[in-house]
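Okay, so subunit A shows up in both of these, paired with subunit B first and subunit C after.
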Partner chain A sequence: MIANLRVIRTTFELDIKQQAVDLFMIFGVVIQPLLIAIMAIYMLLERDASRGIYVVVGSGMTGLWTSLLFRGTFNINAERFMGTLEGIVASPTSLASVVLGKTLASVSLSLLSMIFSYGLASVVFRLPLSIAQPAVFVASLLVTILAFISFGLLISPLMAVNLSLTGWVNALEYPMYILGGFLFPILLLPGWSNPFSYLLAPYWAARVLHAASSGTATPAEILLSWSMMLLLGALYIAASYRLFRIVLRRARVEATLSLM
Partner chain B sequence: MNAIEVRDLHRVFRATIGTIRRKTREVVAVDGISFDVRDGELFGLLGPNGAGKTTTVKMLTTLLIPTSGSATILGHDIVKNADAIRSRIGFIFGGERGLYWRLSAKDNLRYFADLYHVDPDVAKQRLPELLELVGLSGREDERVEGYSRGMRQRLHVARCLLHDPQVLFLDEPTMGLDPVGARDLRQVINNLVAQDKTVLLTTHYMFEADALCERVAVINHGKIVALDTPEGLKRHVEDLSVIELEVFGIAPKMVDLLRQIPDVHTVSVENRDQKQALRVHSHLGSAIVPQIMQRLDGNGVSIGRVTVREPTLEDAYVRLVGGEA
Partner chain C sequence: MKRLRNSLHIFLGGAVLSYKALFRWFRLEPYIATKIIAPLNQILFFTLLGTFATGPDTASFYAIGNAIQLTAMSGIYGVTMSIGGERNEGTLIYLFGSPANRLLTFLGRALVHVLDGMLGVVMGLIWAGLLLGVDYSRADLLALALTVFITTVSTCGLGLLMGCMSLLTVNVMFINNTIYFLLLVFSGANVPLANFPLWVQNAAHLLPLTRGIQAARLVIAGSRLAEVAPLLVGELLIGAAYVLIGYALFSWFEMTAKRRGTLEAF
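So, the complex of A and B:
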């Protein structure tokens, strides 16, 4: 147990080191959310400057999702390309521990998106930014982090089971921005699409974070969003446990641990 | 006690070809091999490219599941007890991959120490020792992407030894190293055996197998075609002489023509810059040279120096694999 925790900690630390010099991740975590924030600020300022915090939270979540999706997709596959996957699988450590450490690193780094978006809105655009229910916001952010980590644990083995799925990674980025209600409420979408949003933990995260920042988070609203995030998170983890077993078994049968 | 026991091990790969009419093609990589490696022995697995060496090592290191047959490492089954094996073995696969290039050597070793559940205090003590052993002391804080091929290969050796494994699988560990680097690595391997480690080494280099291994299994087309000490293998060709000819522009068709000469056992060709070294095994010795020259001359092949010599382990190997080396 302690040894596995040590692996998670070291993976986290070294993955941060590697991501810090990865230009693609810098774009996904810093530049793209800032571009989205600038675009959203211009769109919203026309109507209501007090909604600046909505933009900060929403664009921050786009960074969180982009980082999680891309890193999650390539967590296992990048190890395969580097030839390090065999070293991990042949070690006494579970692959899930390594992926958990990497997912923690991605989620932690992507929280920077929210900080940068906050800085942009307050310093450059001088928008009045205040979080109406800060305690609820912070607690919801912690539950959000747990939900995103569980989603990351699902994405990594899913993408490793079938390499051709990685080709779809770009197509999955923007639908989550929309279905997750990051930048506008899903009530603006056709009604038939709403059930898809309800199955996504990021939607519940966006819903409660937006509510806490604008001061509309009722106890019932908070309880519902937290419960859904925890429930969906538990389902993602159960599915990922099964997927990790399939990945490892299939890799040893089909010889896909290495590319060479 | 045997550290490694392999019984009738098979591995078949299935590949799908075609887009509309998809067909499944089966490739037999390992075809019923059996051998034992004694505790503390340095055992060699010798064979040409595609012979099944790496597939065998990947099965024994629990990275591949055999199609049939069985194998045990230190008494543990490679399929049923993979977890019990993993902390007791170390492996190196030839090449530069398998390391985190954006991290320093020290970070790489620290990470693999954690993956292998090495106690942090032990790791702290062992890291400088291993870096010293592989000659990377003073360079440990540099990123691996700036390392030469030889340095990366040496880092692999240090990584492989971090958790003090009892059994080591070294798959062409000296591949691509310069002669000095390869010699140093062979010295490291010798030291490991002196420390009672069991080593299974695969290699292309005959002199390496001859110098290091107590016993050698020659593998070809997935089957073991001979298993003996290097001296024992040389006896396979003691009745033969080796005729070496320096030739220019010999075509594969010509090599086949030479193979048809009665009393010629094997013919192999090695490319050396613009010329080729043609090696013919025959029990007739120099008496067969005129027949060879006649066939080559008649087909417009230029011939340089011709020598007749006693066979070596390499010649035994060439004969065993039918001139495919």
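So, the complex of A and C:
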């Protein structure tokens, strides 16, 4: 247990250092959410100037998802491409711990998206920003982090097991922005698509964070969103457990993990 | 005559080979994901965001803007990677060692991306019509085709300039991503230019796409070619300016790299 925690901490520290100087991540976590925020500010605030905090939360969510998607996709695959995967799976260290450390790093760093968007809206555009229910917002953000980490734990082995899925990574960015209701409510979407949203923890995260920031979060709403995030998070972890077993089987038994 | 034939061979052969090299690692599935599904997602996201902001009647504004902006996918990423790929794959040294006409070699890198970019825009316009109700019944299709062609050429001009940047830095994908999103924000694809401060509007008119998107919206709304001609001429001139700056940079890079022996050093 202690050894695993040490692995998680070490991987976290190393990955934070790597990501902090990775221009692709800097773009995904800082530049892209800021440019989306600028667009959303000009688009959404034209009619209603009180939507500033909505833009901050929504564009921050886009940064969280983009970072999780791209880092999650390459958490294991990058080790494969660099030839270090065999070393990791052959060591007594759990592969899941390594991926957990990396996911924790990307989720932590991507929280910067929201902070930068807040700074942009507040300092550059001088929008009046206030979080109506700060305690609920902070608590919801913590549950969101847990849900995103569990989603990341699902994405990494999934992309390692199905390499062809990595080709779809560019096409998976916007669907979550849409289905997650990050910058507009899913009521705009056709009814048949709503069940897909309900299966995504980021949707519940966006829903409760928007509600808490605008002051419309009722106890029932908060409870529902948190419960769904925790339930879906548990399901993602259960699925990722099976996928990690497949990854390890391919590495240790079939010796096919490095085959492209 | 023989010289002309050789030049044509360099231009066309180089164009096709650089495109093949760029997508050699691609299988059909990821190609569809990148060139068909991802653009559709972009159009849907920004159109839904736009209609949420300003009402359902404005869907065409966002759908057309984003469909035309898709040309930047080929024009910026494709062209840049075609030029930058020469260095990454170690073929730049042979290219600069050959007596081939530099201008044709340079322009040839963009040719297939112009066609690919136009195909991407057509696909985007079809999605916009099928899924978002954009009405083409009043559009002069020939004028629209010319608008798409000129806008794509002009965007590839910026791509050629960015491609030369890829010979100077390893961080070209960062620059490309930023340029692509800057075009998305400031070309008028999603935000009417009038909403921006005046200095931003002036800067936006130095970008490719800005006039092209305006022209496409007008043509689809029923304007005739003569009415949008000034916009198209402006778009073409902007593209030509980027090509000239890019070619000057390309020539300077070759000369400097040969003199200093830094052809493959970043």
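Everything that follows uses one rule, which is that the second predicted complex is superposed on the first by the 251 of 260 C-alpha atoms of A that agree within 3 Å, B and C clash if a C-alpha of one lies under 4 Å from a C-alpha of the other, contacts with A are read in each partner's own complex, and residues count from 1 in each chain.
As a working rule, contacts are C-beta pairs under 8 Å (C-beta built on N, C-alpha and C of every residue); 3 or more make two chains touch, one makes a residue touch a chain.
Everything quoted here is computed from the prediction, not taken from an experiment.
Enquirer: Using the touch definition from the top, say if A:241 reaches subunit B (first), subunit C (second), both or neither.
Expert: A:241: touches no partner chain.
Enquirer: Would you sort A:198 into first (subunit B), second (subunit C), both or neither based on which partner it touches?
Expert: neither
Enquirer: If you stack the two complexes on chain A, which partner ends up touching A:17: first (subunit B), second (subunit C), both, or neither?
Expert: first
Enquirer: Which holds for A:43: it touches subunit B only (first), subunit C only (second), both, or neither?
Expert: second
Enquirer: Any idea which subunit C residues touch subunit A in the complex?
Expert: Spelled out, the residues of subunit C in touch with subunit A are 26-27, 29-30, 33-34, 37-38, 41-42, 44-46, 48-54, 171, 173-174, 177-178, 181-182, 184-185, 190-191, 195-196.
Enquirer: Could you please specify the touching residues of subunit A with respect to subunit C in the complex?
Expert: For this pair, the touching residues of subunit A are 23-24, 26-27, 31-32, 35-36, 38-40, 42-44, 46-47, 164, 166-168, 170-171, 173-175, 177-178, 183-185, 188-189.
Enquirer: Within the complex, which stretch of subunit B touches subunit A?
Expert: Against subunit A, subunit B makes touches at 13, 58, 61-65, 83, 86-87, 89, 91, 93, 95, 97-103, 107, 110-112, 114-117, 120, 159.
Enquirer: In the complex formed with subunit B, which residues of subunit A make contact?
Expert: Subunit A reaches subunit B through residues 3, 6-7, 10-11, 14, 17-18, 21, 82-84, 86-93, 98, 252-253, 255, 257-258, 260.
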